[in-house]
């Protein structure tokens, strides 16, 4: 454990967050997400909710202000406009924790997978609520 | 996720529990334990308590009945007879969950490290209670 | 060996089943199937029938309910409508063991190979009955 | 599958049997044996009995005639003279299948482990009968 | 060395023959063939003729009866209809040793290379006779 | 770059600091130190002073309070009692930045090397001042 | 440290500069640049400015005189003609240090990324000034 | 060193020359050539002229007689018909040392790079004369 | 194949012979020798006699003249003074082919194994004559 | 090639010289030296004399002034006091090129090997003069 760094951030996850640069994506995925087959680096945080992971990551990761949608969730299959409870919770955390709060955008399930395949890394959590997935694009920290 | 298998057991940890044989040791370690430098396989379960991990592991792992002490904790430095709260919780879980309940034995801190260095694997949890470490020796399952 | 987990499930196969996510495919293949050249992870269970492997896997793996055909067999070359004995046995096992029983779909031999090449893993069994091959798509486990 | 070679002999096991030379040991181990932690190459044949594996291996492997005890089993802990049923079955197979039938020798459990640690390979079977372990020393084939 | 298995079949080559499945190709190549640059697994048998290797392989490998041409040689550059002595010798061995004797088919030099690049493996022999190359497609062994 | 984490801490160094446990050592070394040949993980921070690195590390790393000397420098060869300027600067930083300020202990040059060889990692800085080396022992963070 | 070689040039960076040939590109990137995801070799020089790194590299690296634009910077997003202070500093260094001084060319942000993806290596510096990125093409040294 | 083999041929280069087959290319490159970024195997012979390397290689390597141009040099940029001194020296060596002397062909600089990218290997010499690059295609050795 | 180099010398074996230096040992072993378990590099030449391999190696390898016994064979178990036919053939080849002919020395079987374990490499041949093993120590080639 | 760095210093050798620290040894070895079996990193400079390599290395490497003998050669076997011509040439180069000229010390052949086994690296040159071996200990560069 380290001083002032959330203990949920494992050594591998800290490495990834620090090595990512402007415009790189990271996926926080629920327990059912096919994270290993995405091809990207896969960090596991079994047993932890996606909302706890999002809170921890946003304390250190800046969001990208060069694009309109730096945070994207997965649409419910067959009902793209519904907002599942876990997604509502994501929005609350982004509003309160992100350096630059934004409204969450969304992608259809297989479009979300395609985007995830080119991400820098996927964090597989133990989130048991369905649709507990979110993609974050890293921003810059100025001089 | 799989049917009937505790979701805390990650792919790597399941591999280890299944590959271990009679007499192999596994260490469940707290967040301050020097797990990486033990040399053994190190599986991380950041953010989860050692007691939750112990419960999950004992649902699948048989304890060794060929030895008197198949479950061993670390003694408090300078006060070897005290029973820290997390150790008391370990004892309760072993009593209720293990296939063969036993009284926990204990080892001095550096003797515990030496034993851990020859273990099959160490599971580093997010346990924040000090002395949240326990070694389990795997038993056999008969015909 | 572990408590309550079918001993046919080897360490590597358990790892794979646990790491797979929603929509990932696994192939159970007979002894003549070109499993190594598919490119996917290949786990061998020489000497065991494909039906025994199917039974063991379905005790832990949920089938995908988002698609109409989560279980697919290979058509007999030159006679696509015949149902070989091993396939009939597959259907019986799916009916009795799967979380969501379904009617097996089928693919022409080389279409089956193409599908297998993008699978998460192939399990090569010792099945000596011809056409003893089946693809399963993993489902989700709800909150 | 290959013509005239027992299908139980997997690609990795065939490699090992062919690569072994005069005096190299191979261990056939039961399902509870700590095979992975022996350090040697570990080949798994989950779900197959040790007796079936012994029969298959002896059809291709010559036993060493330079030493008095080329085949060794593990003694029952606390009762070294008893002959468990699986060991009796081993003796029958050696008598009928080996190129040079011999009486099985035996070693105490931890001496057996020490010998196994310097073996060329360990084959972990699905043998559920306790003490289903045997070490074979490879012999020569003359001009 | 092993009982009843031709000693020319090295550990790596045995592994390959056993791991190949229905429809996988293996190339037996002469000493001048660009085996390493084909990309496939390359097993070397320097100093041995391609005809000796063909004989040894056909004692264990079934030919594919699902295709008309499971055995293919390379055409002489500029004279595709001539039958070089080593090819005539290949035909004699196939006639006498294969489980299902067939007439050898042939491919133009660069078509032969393209086919070899997708093979399971190439065996580079010490064959000094030009055009001493043949591709074999593995068949099935029934129940 | 990350919010609130000193940018000098590279991805690999953050990984190491987070993966270290109670009692693990890390060495901050000057530009002339034989870091690569110590055998431990070697992280390079060429061009940065050892004092800047010490400040950054102590903002996140707790010092071990179980031992009397959690911070150790190298003695000047031939003059063990002298305090080089860079060591004086180290003491000031420890006094102001460490969670538990301590007086620096010291070791003879080759004893320092022996201690470094069993460290978790060495950070090679660009420090050009001679004797700019210090070993830190990680402490615990309580519940 | 070595005689007459700038100490900022780390072992890995020296290897890269020496191994590069005529026409190979190297990218000097600021602290926000997505260097790891470019795919090229990534050398880190955390904590050092891009201008210091440029000066050190140009003391040993010849610029390519076969192309008109051997040194290229990234255009400001939305304002391609502005010259940020760090780019002005780059131009001064090139004028005074390069073997063949040239006027810096520029590329749009994503064109710059595409060019960086085919570079020989990327050096990630600790440069905190935005747009502190430059690509250099290596030239030849005559007989 | 070995009897009768030119000592310039290093272990890795000998391996490559022996493993190459009919039609495989090898590039002998000057000190400025971008050998590492070609992707092929790269063997370095720093400090030796390309002409010395050509002489050594041709004592063991047969040239391909199936193609009209088994030896190809790089054209001078902007003056494709000029013959640089090092190329003239190459022609003399081919005339006197090759098993089948041929007139050197030539390729434009970037066509030469494309051809080199599909070569079996590149040998980077210390040749300081510009345009000291040549591609050789290996031939066959008959029975 | 290469001009003037015996085709039995495979790419890996040529690499080894060229990389060996003064005083390094190479073992030529028969088909029953436990070559893989010696730990050294193992090159296979299945199907070729040890005498053919010895002849080919001695055409390029100088024997060490700094020691009295640069060539050593294995004594027959139980009859150390007998000279098996293959050893007599070895002596003839050394007499006629080595740069410095010597009388073969001999070692007891397990002493021979110990010597082989520290060799640079072992060449496993297809030699079927028992005791077809010989160790050669490489010499120097003067200016 | 790089500006102002001797072209004999290859990428790997430059890496090594830069990564070495105070007290690390590097061996420059002749063409007969058993460099590969020393265990250390082995860099080859086939075809170049040891004296040329020594000159190039000493232009960048400082010698250790903390020990009396930072440069050591190998004694002639059987005549330890003779000074071979290549050693005399080494002394001249050290006198003229080293930052701190010293008289060469010497070690008996096998003591020299033992010292070389713990070196940071060995550079195998093409030096054909016998006894063309020298060990250099790296020194420090002050502030």
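Labels A, B, C, D, E, F, G, H, I and J are assigned to the chains in the order they are written; within every chain, residues are numbered from 1.
Going forward, a residue touches a chain if its C-beta (ideal position, glycine included) is under 8 Å from a C-beta of that chain, and two chains touch if they have at least 3 such contacts.
Keep in mind that this is a model prediction, so the values were computed, not measured.
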Third chains touching both chain G and chain B: A, F
Most remote chain, CA-based centroid, reference being chain A: I
Option reproducing the contacts of H-I, where over half of them reappear, out of B-F, C-E or B-C: B-C
Between chain D and chain J, centroid-to-centroid distance (C-alpha), Å: 52
Distance between the centres, which are taken as Cα means, of chain H and chain G, whole angstrom: 32
Residues of chain A touching at least two other chains: 1, 9-12, 19, 31-32, 36, 128, 140-141
Each pair of chains that touches, named by its two labels: A-B, A-C, A-F, A-G, B-C, B-D, B-F, C-D, C-E, D-E, D-I, E-H, E-I, F-G, F-J, G-H, G-J, H-I, H-J, I-J
Chain G partner contacts - residues on chain A that touch it in the complex: 19-24, 66, 120, 140-143
For the chain A and chain C complex, residues of the former touching the latter: 31-37, 77, 124, 128-130
Chain J partner contacts - residues on chain G that touch it in the complex: 1-5, 9-12, 14-19, 59-62, 99, 140-141
Chain G - residues contacting chain F, complex: 1, 7-12, 31-32, 36, 44-48, 52, 126, 128
